[in-house]
Structure formats: structure tokens, C-alpha cells
Amino acid sequence: MLRINKTTDLVAIGRACIDLNANEIHRPMEQTMTFTKYVGGSPANIAIGLARLGMNVGFIGKLANDQMGRFIHQYFVEEGIDTKGIVTDHTGAVTGLAFTEIISPSECSILMYRDNVADLLLNSSEVNEELIAQSKWLLVSGTALAKSPSREAVFVALDYAKKYDTKVVFDLDYRPYTWESDRETAVYYNLVAEKCHLIIGTREEFDMMEALLQESHEDEVTAQKWFDYSADVVIIKHGGKGSIAYSKEGEKVQSGIYETAVLKTFGAGDSYASAFLYQYLQGGSLEDSMKYGSASASIVISKHSCSDAMPTLEELESKIMQGTYIK
Amino acid sequence: MLRINKTTDLVAIGRACIDLNANEIHRPMEQTMTFTKYVGGSPANIAIGLARLGMNVGFIGKLANDQMGRFIHQYFVEEGIDTKGIVTDHTGAVTGLAFTEIISPSECSILMYRDNVADLLLNSSEVNEELIAQSKWLLVSGTALAKSPSREAVFVALDYAKKYDTKVVFDLDYRPYTWESDRETAVYYNLVAEKCHLIIGTREEFDMMEALLQESHEDEVTAQKWFDYSADVVIIKHGGKGSIAYSKEGEKVQSGIYETAVLKTFGAGDSYASAFLYQYLQGGSLEDSMKYGSASASIVISKHSCSDAMPTLEELESKIMQGTYIK
Amino acid sequence: MLRINKTTDLVAIGRACIDLNANEIHRPMEQTMTFTKYVGGSPANIAIGLARLGMNVGFIGKLANDQMGRFIHQYFVEEGIDTKGIVTDHTGAVTGLAFTEIISPSECSILMYRDNVADLLLNSSEVNEELIAQSKWLLVSGTALAKSPSREAVFVALDYAKKYDTKVVFDLDYRPYTWESDRETAVYYNLVAEKCHLIIGTREEFDMMEALLQESHEDEVTAQKWFDYSADVVIIKHGGKGSIAYSKEGEKVQSGIYETAVLKTFGAGDSYASAFLYQYLQGGSLEDSMKYGSASASIVISKHSCSDAMPTLEELESKIMQGTYIK
Amino acid sequence: MLRINKTTDLVAIGRACIDLNANEIHRPMEQTMTFTKYVGGSPANIAIGLARLGMNVGFIGKLANDQMGRFIHQYFVEEGIDTKGIVTDHTGAVTGLAFTEIISPSECSILMYRDNVADLLLNSSEVNEELIAQSKWLLVSGTALAKSPSREAVFVALDYAKKYDTKVVFDLDYRPYTWESDRETAVYYNLVAEKCHLIIGTREEFDMMEALLQESHEDEVTAQKWFDYSADVVIIKHGGKGSIAYSKEGEKVQSGIYETAVLKTFGAGDSYASAFLYQYLQGGSLEDSMKYGSASASIVISKHSCSDAMPTLEELESKIMQGTYIK
């Protein structure tokens, strides 16, 4: 195992896309006439969230050779994200799109454009070895496993992580529309999860992974399965009921939520993950890190975008100080 | 040949898509933050243009089963277009998108999303025979030939047109990004053009068709070739230099243009075609019909959208009366 | 239309494949242990049959870059067929295979290998214009229409035929396994048939073409439809009941059959077509040409192969003189 | 981990195909006129070899629904192989073919038909869990990883093996023609090898796996890499120079060869693997097991087929007793 100077806190691998958020909300999208453009995609959002909080962050991914791709690249540069791991597609692939529809806080939906997207064309030979070598953590987003060659690129990134002693966080981020079947998804999710140190997902995502071998659907059994491989921490999200984090050392921590005026639910998971990681990567306790995650989520779901709404450290700590944490 | 009551003036077959036009213009799209949604796609625009002028118009095509598809359908209904020829996709296909970038009147470009689009999935068994039977004219847009099964649907539509003595106008509308090669395009464009009575295209589009057999690139030779098949009128567009129309009877008419303040060039061709057809289908002379076309184009290129900007008869005739026609 | 010296009697376009005929017959193929290799494929068989009878024949097609492709090429050379229209694939495509199973004369079946075959990769730019120019007739086999780019290559070949006044015979040769659907097949078969002078097919093949527009299934109506386009002669085969030929001039001729000891039915159509064309292209009457076709078929179905069994002129005329013709 | 009664010695997963061996040899295949049909495919050959020696063997794979598929199934039944893990394709896929060309013992080549083959369509839900549960060993052939869904089926088979404490032997068996790239191959080979107890391959195959991370190409380093995962034994084949086996306990054994009259080289690896496994699975030493492997290989390469030529125990032991072993 090679040891090199770890100057980057976390490098994320996966998709960076465009959100087109409805400006006229509280109606079906048929009646929305204008949309605002933001950077989107789970690993991009988490990277932006971490950078906004002051961490050294890098990104590995492929962008379309068009106006949308250049917009994303420029946004990353402005946020201070290391873009040396970003490559540009030259096959005519497009940038993934997510049109959001906000009928009410509880009726949000997304219309996705995921055909021939550049992010899934990242080749295993294009994975920036140096960036992974210099990073303390690698964040893998499950969606990057949906198709070749991006799928193989992730496995090569995991090989580099092992080679350079870079720890891995796996954000399950399962989006059915780009996969052939639940079974295919489960095969690759399990292969990746075996190699990761921190695994975050919803109960439904873990259920999908366990359906392959008809395994148990209990949180403790789920967590223990991954402790038997490489995991130190497993976080299982239960939607409105909050999350539970398990550590290999035997901790079990239930999260709370901060009161807020919800505009939409998009971005809750990504803002949670970024603020949790911010605190946890610096040695924060599970309890404390989950508080950071919840505070960030409560800020983002009250605003129009995901990426643009990611809080600064000042905003986040102000929320933690002044907000009402219900557990 | 069956004769039935021709109650519809024209039925268009092909794509109906979404334009997302930049609101902040005179800059690269990277710097555009919001977009406005309009119905788009050449045959959809022409159908809307004709309906706005008061003609009885129908549409044959396939729409995505999503918010964009439903928006288009509703728009057609509101414009009074007969939608009984519209079918809905159930495979998860999407609506084609065109993001427009307007840097200056002479620097306009389009970012297309044409992967897995519903319009190219129209099946030959879904072509509404009754609607073609009851129409005086069928409008075929070349883009519908780009892929199977839409390609075969067009040939079946042409069979129906022959069966019911429906005349055919062929708008070449060649968009390279959905085709395998120029040669493939030329093969199918030629097969369709052989069966059409009115053919409209740019000099470049006719050149592409003629490259297959290394044929001449002179307008008169081009026109004569199609008169030897089924054509009565061939219109060849020369961009800024205007268009020339040839008739089988030996007419040759050069178009002029109406002075206007150009915002963008998108929609010039579709508005020209719709107003030309409006006049020509009612027995107007080539000279006169081309004037209508030019007037409509001058209106649309001064406005933000294509479809929404299509003039009413009143607006159009006001332009013809008061505008400056330069020839 | 260009006129050049017509030194070739007929050029065939389409597939040239390999037959692997069971040596141990009168049993299911599971129990066959050895197979003998022959050149196969309908247009290849017809070209070989015509060459064997002494005609000047050419072939346009694509062969795999492997031992099977080289075997076919060498066989053509030895038969005196002009191979300047043959191109070699360089994508790793394979030669089509047909394993034959002969349980009894009435229970024959074929196991086909038609995935990734070289013949369907013939590109429209690879069609030898000179060879079509110098040929009196072009033979199109319907199977070549099954996929792009071979489909477009056939349409370009038809363009060349028109340009050089080369007449076209269309052997329908419909094999469902390489097509998407009957409707797709019908679209392209009809487009080709419109441009042909002699059309040969089974009643079932014509039915498939007519199903698209729910047309009549009567032989006379079928024949008349094509006389309204370009056809001079239409031959409709009725299996065991023989064939009927119609001419534009109003002839109607019913074929007979020559008595023979049937080994298998494969090759009956190809040998019939080649000997019919041999006589017809030299100005033979329909009646006479059909006699030649029937005699050749009776020879081939009594032998083990199709291509290798094609008779010489001597054998054929001996059969006609001495055979029993039942009508 | 579940323990159940292990009544089957080994179950192989992967392809079962057809070899068509040239009958007229010592010439290019172009000049071969007849071929003899045998069962082929590496895991099928190994399974047959083990069954012939008296072991309880099972097979998991998918066969085409045609005469070739039924022939293979029947052959397995006759050899006493448990076929309950064999499923039949219903999509029209074909049986893989390998035409062999034997110009001289050192000039042998294979013409493969691997497009749309049934074996690569084995679905992860079709992997027979019971058969893996009751087997002491699972044999994975690398070719089964070449495409989805067979690739995922192998990973599920490995999950079952872990669940039921079934040991795994990985026969690398790398055939470039069915893979996208060496890098893609290396990713999946490495993922599988991590989970296997006995790994057999050529030096070139291990090099391909190691090229991904620019690792060392020395046998001892290669072997040690896999001992750090799950392997107990790694066998690296060096073509004419024989093989070297390494054990986790530190053994290093060089194989010898038995003198024989070589007809062709096909089948050497499969016969070696089957006889090696026969002896090793019964507790034989590496030295002894390699002798069995070499003896079997020397028998098979002197005969016309691979599968049919697999020796009985009597033949094998007779060779070992009487043959000349050169080391």
C-alpha cells in the first residue's frame, strides 16, 4: 500500500448534471412555463456542499462537450472544487437533466433525461489515479454503476482507493430508470459495498440489495453484514422517521430533525450527506455528525435549488445553534 | 383510388417537441439561467401556423407519456388542431428538447436532446388512415425518416395518401444528428420525394440528396428531376438570398423578404412554409403564396418563440399591406 | 439514362453463405454427426445456376474475412462468376450458416446462423456501379433488405439500374428471422417491387406485402398491381400446386413439374429461378422458360446440395427431353 | 453459513457449445469439406472429463432451444452429469460454434460463432441454488463473465457458494472476441478471483488482469496477490514450458509432460484441468495432481475431439503407469 500526502479531504466520482427547477410552482409541470438551471446530481451536490463548508474537495467524472457541460465545469471551479479529474466527452453525449415538479411539499416529482448521458461514459482509463491517491476519502455514488463503462470506472477507482489507503463512502443513490433490473443492481451494489467503510442508504435501497439472496430486512442484521466486510459505519434512512447509524464498535444512534418550512423534498439526502461527512471526517461523533446533516437538510428543503442552496459553515452553525432539534 | 369527403385541409406527420428558449439572451447559453417552454418541432410549428391562419389541420405523431407530452397535446387542442392521429408512447421514451442560444441575430444555435424520443417511435400500425383519407394534403417532415419505426410509418402514410388521393408536401427538414450518414439520409429522402407533389428544402438539402449518384447541383436540374416523378412544385431555399420556386408548368419565381427587426433566425422556415401553404392550398399563385410566406417569417423572427409567435390572418395580412417587400 | 455495352447477362446482389448439409439423413439433426459444406444463399445459388448454364454472371455482396468467406470467393471464381463486386468485411462479421436437417422429403428444416453476418453489412458506397452498368439484368434478393446498411445498398443498386437501363428481377425470398416485423418487411418489399420488371415469389410472400393495406389476395389482382408500376412479368408460386406467371400483355401460364425422386426440398426455388431466367433472358416464352425452371428444380431436389447440384446445360436439356412433364 | 449434505463433487457454470472439427486435416479450412460435431466449451469439457473419471458432476448453463442445444443436453445425460441446473433459452438465441482448423500440430486455429449465443443469456435468477449448495466445488469459467446477464449470474453463483461453503475454482479461459476491452475483462476477472480458492490460468491471462493497475508480472507476486484474498492454490501455465503451481502454504511445483503424438493442441487445457481437479479434489498432492493433468492432456491432444476424447480412469492411470513423464 502506497502512502502519499493526503491533501484532499474527499473526492467524489459519478454524475454531475443539470436540474431545471420549475419557477411557477404549486401546479403540475404542464402549467409551468419557465425553469431555472442549477448544477445537480447527487455526488455533485455533495461535493458542492462540502466545498461550501470549507473542505478540500475533488471531482471525477465526464461532462458533455456542450453549454451545459461547460456551465457545470465553471460552477465547480467557482466553488473551489479540484476539477483535474473531470474529462470531456467527445462522442456527442449529452448532460443529464432533471426537470422538477413541485405541486406541494409532499407531491414533488422529477422528469429525468438520462439517455446517452456523458456521465455514464467515464472510462476506467480516465479515472484520475493521482486525485484518489491524494484524497483521504472517496465518495462513490451508486448511480455511476448503472452502465458500462462508468461501472468499470468505479471498480478501478476502488482499486486505486485500496492501493493508496483512501477510505470509501458509498452513497447508494439508487435510481431505477437507468438499470436493467433490481437483480442486476443488487449484484453490483453488493460488490461495491464489500469494499466500503461508510455506507449510507435508505431502508428500501438496502432491501433491494438483500433481495438477491432473500436476506433479512432488519437494520441490525444489515449493518452487521457489512461490518463483516470493510464497513465501520452503516447509516440506514427511514424517510420521515429519520435515520439510524450503526458503528462497528457497537454504537447505534437515531437522528432527529430541525424544524423548517418545507418547500420541496429534493436535496434533503445530499445536503444531509455533505454536512454529516463534513463533521464526521473531522473526527466528529456520530451523534454530532448527524446533527450537522439534519441542520443542512432543513436549510436546503426550504429553498428552491439543491446545489445553490447548500449552506456555508456560518449558516449551518447558526441553524444548529438556533434551530429546534426534534428527536 | 378511394374518394372521400375532404374536410381537413392538411395533416402533418412527424415530431412535436419542446423548445426551451433562453430568457437571458445576447450571451452564451452557459450564462443563461432561465428558459421558457414552447411547443416546437418543424411539422408541429407548421400545423400550428396553419391553424392560427384558420385552416382545418390535423396531426399524426407520438407523444411521450409525461408532462411535456401532455403539454403539447393540450396546446394542440387549444389551437383547434385535430389530435385524433396522436398516440401516446408507453415505453418510457421522452419528448425531444431544443435549448436555444441567442448570442446575436446571426449567432443562434440549438442544443438538441434527441435520444430515445417518442416521436421516432411512431409505428406504421399507428398511422391514422382515416385522418389521411379526409385530408386534402399530407405534410411529411424529413426528420421523421431518421429512424425505424417512424421511417416505416411515413411510408405507410404515403401509401394511404396514394390510396385516398391526398396530395403530399415534403418539407426536407434535414437534421444530421439523428441520422447514421448522409448516404442513408439520401436514400430515404429520394424514395419519399419520388411520391410527393410539393417539395421544399434548402439548396444544401437537395445537394445531400443528389450526392448519392453524383448528380447536378443546379436548381433547374433539381426541379426537373422531381417533375419527372410526381412533383408539381419544387421550392429551393438559398438562405439570405431568398428562395426560388419552380412549377412543372414552367414558372420560376424568386421570393423577396419583408423588412423586420431580427431577434433570432429560428422559426423562419416553419413560418414561411405555413403561410405559403395557407395561400397556395387555396389556389394562390406562387408569387402570392411566397409573399405570404415571407411576411409570416418576418413576423416570427422578430419574436421570442416559433410556435407561439405564429401570426393570425389579421396580423399576417396587416404585415403584407404595410410591410416593405424587398425583392 | 446512360447506355453502355451490356456484356454481363445478370448481376445478383445479396447474400452468399454456407450450407452445412447433414450427411447422415432421415433422422433429426441431433443424431447427425457430420456435415458437408457448400456455398448457399438464394442469390448465390441463382448466380451459380446461371453460370453453370453458360451465362455471364456477376455478384455484388460482402464476405467475411475468414475461411468461409474465402471458400465462397474461390468457388465463385471457379464457376466463372465475375467477383469484382465482392467486398470483404473488416469488422469481424461472420458468414451466415444454414444447417439442414432432412428427416424425410416432406420434413426438411433449417437451423440458421444469421447474427452479425457479413452479407448484411454491404454498404451503399460499396455497390459496384460499373458492374450494374454493364449488366442486362440485376437480381435483387429480398433478404438483403432485412437490415441497414444492406437495405440502403439495394436501393442504391436500384438507382444505378435505372441510371443504366438495367432491368431488375426481384426474388422475394422472405426469411422472417432477420426482420423486425411483417409490417416492416412489407414496407421495403413494396418500395423495391415498384421498381422491378420481373417479380417472383410465393403466394404467402405476396400476401405479406399486401397485408399492409389490407389488399386483395387474388393472383390476378396482385399481378395487375405491379403492372401499374414497372413490372412486365409476375410469377406467383403455390408450393405443390406449381406456379402461375402473368405478363403485362395478358398472358397467364401455369407451370408443370418433372417427375423425380425427391431427396429434399431445399434449393427447389433457386434452381427454378436460375433455369427460368436462363431461358427467359434469351427471349424464351413464359411457357418454355417455366419448363426449364421445373426441369432444373427436379434435378436439384434429387441431390444432396443446392449450389453444387445446379445442372449444366447438357444435363438440363437432357432432363427436358427425357423427363416426364406433368401439368 | 448453511451446511448441507455435499453429494456433488463439482458443479461447473458457463458455456456448453458445439465444436465442428475438420475431418480433412493438414490443410486450411477452405479446403475442408466435412466437419464432425462434438460437445465443446471449456466448462463443458471439464465437466465431461470429471464425469468420465467417475466424479459426481453438475452443470449450470443455458442451452439454445434447437437441435444443437438438445444434442448437448442429451450428451450430458449420457455422461451422467446432473442437468437440473440447465435451462433452455426461449429468445431464439443460438448455440456457440467453434470450427477447428488443423494445418499442423503447431498451426491450429478456431473460427468462432459467438453472436447471440444462449450461454451468455443465463440470468441470475436461473442459477440453481440447490445444485451449488450440494456441491463441494463450483467451477467458474471466465468466458461466462463476458456479457450481461451471464456476468451477473456468475456473481450470484459466487454468493451461493459463499452461503453454502462451496469452494470455487476459477478457470480464467479468456477469449478476447466476446469482450469489449482488456480493461473491462480485467475488472471482472479481478472481482471474481478475489472470491476463489483455486485459480488456473496462463501467464498471459494473469498479465491481462494485472495490466489494470500496472502490477508485477512475476509468478510469485501474482500468486501472493491472490493468497491475500481467498486463494489456496494458484496455477500459472507457461505454454510449452509447462505450469507452475503455488500453494498458500509455500509449495511451488513445476509440472512435466507425457510424451505423445500430437494431432492438435485444442483441449489440452480442459483435459489438464479435469484430471488435475479429479486428483486434487480427492486430497491428492499438487505434484500428483499435476501428473494426472499432464497425462490426460497427452491423451486428448493425440485425438480428434476434446470432449469425446476425455479418458476414463483406466485409460488415464494406464498412461500414468506406462507413459514417459518428462520434467
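Just so it is clear, A, B, C and D label the chains in written order, and each chain counts residues from 1 on its own.
Note that in this section contacts are C-beta pairs under 8 Å (C-beta built on N, C-alpha and C of every residue); 3 or more make two chains touch, one makes a residue touch a chain.
Everything quoted here is computed from the prediction, not taken from an experiment.
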item	value
Partner chains shared by chain A and chain D (touch criterion as defined above)	none
Distance-maximising chain from chain A - centres being C-alpha averages	C
Between chain C and its twin chain D, rotation from the CA superposition, multiple of 5 degrees	180
Between chain B and chain A, distance of the C-alpha-averaged centres to the nearest whole Å	44
Approximate Å spacing (C-alpha centroids) for the pair chain A, chain C	60
Touching two or more other chains - residues of chain D	none
Touch-based graph of the chains, sorted into line, ring, star, complete or other	ring
Chains grouped in pairs wherever the two touch, ordered by label	A-B, A-D, B-C, C-D
Chain A residues touching chain B - in the complex, by the definition given at the top	20, 23, 28-30, 32-37, 66-68, 70-71, 74, 92, 94, 97, 99, 101, 111, 113, 115-116, 177
Chain D-touching residues of chain A, taken from the complex the two chains share	123-125, 148-149, 152, 155-156, 159-160, 163, 180, 183-184, 187, 190-191, 212-213
